[in-house]
Amino acid sequence: MTVRALQKVTVSQNGVGAFILQCHKLSFHYCDWAGSSRGMKYASFPLCGQSIAKRFSSFLRNTLSKFAVANPQIEMEVSPRPRRHPVIIGHYIGGRQKAICVRNLQKEQILQKAELLRDASGEKLKRVTKPVKSINESVRGVWSPYHGGGITV
Amino acid sequence: MHQSPASRTQQSRFQSSSAALEEDFVFEDDDPSQSATLPPTPSSYPSPLPEAALHSAKLAALHARLGLPKKLPLQTMARTLVDPSADPNTRFNNASLSQLGGSIMSLHVAEFLLCKYPRLPMAILFAAAGAYSGARTLTIIAQEWGVDTAAYPGSEVDPGLLQFSKIAPGTTIEDSMGLSLRRRKRLAFYKSSLEKKGTSHNEAFGDVLPKPGKEVDPKPTEDAYSNFVKAVVGGVYIHAGRDAARKFVREHILSRHLDITQLFEFKEPVRELAVLCKREEFEYPVARILSETGRRSRSPVFVVGIYSGTEKLGEGAAPSLAEARIRASVAALKAWYLYSPGNNVRVPSDMEDTNAKPWEPVHIDIGEIIH
Amino acid sequence: MRRITIPGRSIDLLRARATGQTPSPYLCSVCKHHATSFSTTRIRAARNSKVPLTEKIRRRIWGTDRPPGLEDPYGGKSVFENTRGRAEVEEPEEREGRLEAAKPTPDLSTYEPASTWDGLEKVGGYEGWWEENWDPYHQFDGFLPKEVVKDSDEITAALRRAVVEVFALQWAGLPLRDISAAAPGDDLTLEVQISPSAAGAALEFSQEASLEDIVQSLTPAVEDETTVKGNQTESEEDVAADRSTIDPLHPSSEVDETAAKENPTESEEDVAADRSTVDPLSQMTYDELVASWDPAWLQISLENPEVKFAVMKRTMQLTGLRIPDAAIMPAKTVKALLAHLIKPPKPRKLVEALEQKEELMNLPNVSIYAKRITPIDKHKRVGRWKVIEKELMERGLPVTGHEKEDHAQWR
Amino acid sequence: MGSVSAAHAGLCNFVHRAFDPCSARLLVSNTSSKNIESTTASRLMQCSSFSAMEARLLRRPVAKLLSGRSQCLLALNAASARHESSYRRSKSRLNVKPEPSFLPSYSKTPVEQAHIIFNPPSSAPSVLHTPLKFLPREDKRKQLLVAAAQKFLPPQNQLPPPIQPKQKVPHHHLSDTDIAEIIKLKQQAPDEWTNTKLARKFNCSSLFISICLTQSGVDNTRRKKEMQEKLEAVKARWGPRRRKAREEHEKRFQLALRGD
């Protein structure tokens, strides 16, 4: 037996086969007392145009249940954090965290922030210059100066 | 350590009434000062109770994240996360599930590799199987699923965390394996026999599952993680059936990327290729210069092709003729070994589908080149 | 106006005051200090305080203290004049003056300053105040019972009782305002069937609870007692009014009333005891009771304001719940009133609100915590806390960092 | 000679790649994507127009040069012009418009054509493309490719030159007596009759000598050790540059054995 094997591991191609959402946990923190948590708890009080029921609606009361049903793969944790601004913290599979302060935001804005955290990969933001990044070999192979030219004869 | 089932059930009945309140994590209002007033009691169970699985958001999220079938209950899911080193009772740990799942996983990996690359040498086949379902890979997979480890196992731990007793920092892995002398000898023998054949030791092949109730010693994180992934496969198989298990293995394990051309390391490729051509009754391989540049310069390049008759088998470019010839031979040998009938080759387990087409025999190679 | 502080003048003033105005020569140091920090304008204003500005201007214009013509050139008393007139009545100095005038001038010839405080009259302090105000005898007992009914079924039963009793009174032709005259006793209305009709409600009485019984229970047992009670309330109001403006001259004016009030207090206690024994008589729990009734009684109209007021008053008396005007006004039927009564209170904390949401609580991937997640909680979740606790205790260190007595036993 | 053989190699390459769905660039204009997905057999049919295409491929560079397109000529000049060596300028100059036939069918000026455009990659062939000879008999590709291969494989006399023009030493010319003589000489004076010397005497390779002597029973451990020490002594005298060069040479060969 002249061939020896080298030990390797397979590399994940998330989305080929199974897709694992990178955000695995969202923690929602609010303060029961402070006014900046109002959007988290209650929507703001517009002077007119909304019914009473709607006025007192809130993200955690109304939107969270729908959001959690739509994203069962994310662990949602709701806990008070007294004397602090409301915040949503996303925990990602790489072990990183992202926190967004949602003080004085309406519930629709809070939902936007939660979706932003849900869709993030957890990586630091960086500029993407190449349109495609792939671990697969290119169809035409790596260019070599010693090949391919001979066809012109 | 092995408890009789009766004692366990009795205890659990007791536990469910008295201590279930303590473990209620859903509304935890545990005042630190309050909890400190109670003298700390060592948790009466080595692992969380099955009821606790229903209240763990982490576990439910993991279940959904893996896209597991609804038939797989959360209790079983929680059981897959309990390693034998955390709870020696086989009724509550994942030993049985992981043995079953490991077999199913290695079945699918092996048939996938053998059908896709029918000519792989034994060593490469083992290495590829290890790359797909070895402990290191399974550890990475479990971590990419977002499974964290508990610091210390116990009944108060969130059931969504992997529980096993960790090796204390500073101990070497060999000492801490906690293997019996007999088992260590057996492993050593197996290792040496594999190395004689040119294979390195691979756990997926030949590692015997420890007897239940005996393995409470700390173990490496890799082992615990790989047992967990295997146990998930076993749990899917038991609750949702063969098809679901096969789908799960395909989606999570076989869908990963492996550059199989990188696994080879030849010793004498030129001679091996000559032997191959003789065995297959091809013409003797001849190295021919396809092109060259700067022969007498400091950095020449030779492009050498290996020809058998008029057909080119492989080619390689190198700064010397000898090296280029080796590269060309390696390319030719890899081209031989990595013959594949196609990307979507059928495997025997595809016949389990309800309306499967009749089976067409796959290519079976006569074996690797021996010289 | 500029303020002038001339020591000599101030002392003069002090002397003049001490001898002429103030009947008592003793002034505490605080008062002296008050006296020294005066301004001339204040003094002058105090002297001429009765002379308004317009009058002063008039005097200046005419150059005499008695200018001719009307005080107000536009005739009649102006609004300001009226208000000023009212204010003058309560001018403190005037009252003080009156009081001083009423008091006899003490004889200072035998005055001898005391060297110790023995035998001196004590002024001020809270002596006796607590007994007067916080004694159980003098507890204020309002119209509403102290114990507010919380159970929704019990509230429903109370409302139904009120409705039945009100209509019973109406049938009997008695005035509805007497609905709360009698203290609530046993509930006799359980067997009475009530249903909405064109005239309001139709009642069907049974053997055990006839119209007479109910009306009898609603009228006060002793005619005298109610009259006494009616008088009492008036006198109590007087007392309350007196208390608000503290009258030091008549400190013991309410002794009689408090003594007379003992009886009704006792009777009310009895009533409360009676009310609590309603359940054993009926031998049914409230939810069974409520379920046994035909729900048609909820449709009884409360359009008649007299009926509505009586029902509301009786319900408040039975349950102790306050019904705000905002809930009374839109309530057209008994159902609407009941909906307000059994509505759970608004949650004070978000967790309480979330607990009421079934769909959120049943989601497997959502965990809601009532308190902040502390680092200890995080340690507990991963199973590390038991180890930390053990190690800390082995070393005799405080576990949570807060020194408490309980930790001492572990040392 | 070299270029001719390279052309044949390229053609051979093409034959293999054209039938792998992802190796050759297939650009079929005026045809639906169904055609791209068509079976291998139909692709083979399309390839029968190969000779026409070959001529086209030959024609293209010449035509380009002669057509006087300033863009291309400028690009050639810019590469050699030293005073215009800024990145931006050369980048913009080298931004050559692609061949119209290569533009996709939805571009502004679609070219009416209904054949495969073959543009062989200028890269080393991948090992995942199994040579025709290595395909097993029952493989469908084998049957399909054999017909095309016979047409395009170079004849025996047009193959590129081998590395060694002729064998240094003849093969299979020694008889059993010669082999016995080799063993006898070695046993008599193992230090004197080294493998190299024996190979020179019998006009064969030293590899053959070593194969002959495997069963001779001569103990040459002492001499091996001596030679090893000698080699170590020589290596000790190497300077840093030579040592580094040798080490890199060793590494290169290790990589070559892996095929990296």
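Here the chain labels run A, B, C and D in written order, and each chain numbers its own residues starting at 1.
The definition used in the following text is that a residue touches a chain if its C-beta (ideal position, glycine included) is under 8 Å from a C-beta of that chain, and two chains touch if they have at least 3 such contacts.
Chain by chain, the UniProt names read as follows: A = Large ribosomal subunit protein mL43; B = Large ribosomal subunit protein mL44; C = Large ribosomal subunit protein mL50; D = 60S ribosomal protein L20.
All of these numbers come straight from a predicted model, not from anything done at the bench.
Trainee: Going by the contact rule set out at the top, which chains touch both chain B and chain D (60S ribosomal protein L20)?
Mentor: Common contact partners of chain B and chain D (60S ribosomal protein L20), which must touch each of the two, are A.
Trainee: Treat touching chains as neighbours and tell me the shortest step distance from chain C to chain D (60S ribosomal protein L20).
Mentor: So the least number of steps between the two chains is 2.
Trainee: Higher C-beta contact count, B-C or A-C?
Mentor: B-C
Trainee: Mind having a look at which chain is the central one, using mean CA positions?
Mentor: A
Trainee: Taking mean CA positions as centres, which chain lies farthest from chain A?
Mentor: The most remote chain is C.
Trainee: Taking the mean of the CA coordinates per chain, how far is chain B from chain C in Å?
Mentor: Those two chain centres are 76 Å apart.
Trainee: Just the number, please: Cα centre separation of chain A and chain C in whole Å.
Mentor: 55
Trainee: Chain A to chain B: how many Å between their CA centres?
Mentor: 29
Trainee: Could you grab the centroid distance between chain A and chain D (60S ribosomal protein L20)? Build each centroid from C-alpha atoms only and quote it in angstrom.
Mentor: So the centre of chain A lies 47 Å away from the centre of chain D (60S ribosomal protein L20).
Trainee: If I count partner chains per residue in chain A, which residues reach a count of at least 2?
Mentor: 6, 72-77, 137, 144, 146-147, 150
Trainee: Which chain C residues sit where two or more other chains touch them?
Mentor: Only 351, 364-371, 373 qualify.
Trainee: Two-or-more-chain contact residues of chain D (60S ribosomal protein L20), please, as numbers and ranges.
Mentor: 5-6, 9, 124-125, 258
Trainee: Each pair of chains that touch: what are they?
Mentor: All touching pairs, sorted by chain label, are A-B, A-C, A-D, B-C, B-D.
Trainee: Please output the residues of chain A touching chain D (60S ribosomal protein L20) within their complex, sorted ascending.
Mentor: Touching chain D (60S ribosomal protein L20) from chain A are residues 6, 137, 139-153.
Trainee: Touching residues of chain B toward chain A in the complex: what are they?
Mentor: Spelled out, the residues of chain B in touch with chain A are 57-58, 60-61, 64-67, 121-124, 126-127, 130-132, 134, 136-137, 140-141, 143-146, 160, 197-200, 250-259, 262-269, 271-272, 291, 293, 301, 303, 317, 333, 337, 368-371.
Trainee: In their shared complex, at which residues does chain C touch chain B?
Mentor: 351, 364-371, 373-374, 376-377, 379-387, 389-390, 393, 399-400, 402, 404, 406-407, 410
Trainee: List the residues on chain D (60S ribosomal protein L20) that touch chain A in their complex, please.
Mentor: It is residues 3-7, 9-11, 22-23, 25, 57-58, 61, 120-126, 258 of chain D (60S ribosomal protein L20) that touch chain A.
Trainee: Which part of chain D (60S ribosomal protein L20) faces chain B closely enough to touch in the complex?
Mentor: Chain D (60S ribosomal protein L20) residues touching chain B: 2, 5-6, 9, 12, 124-125, 127-136, 138-139, 149, 153-156, 159-163, 252-253, 256-260.
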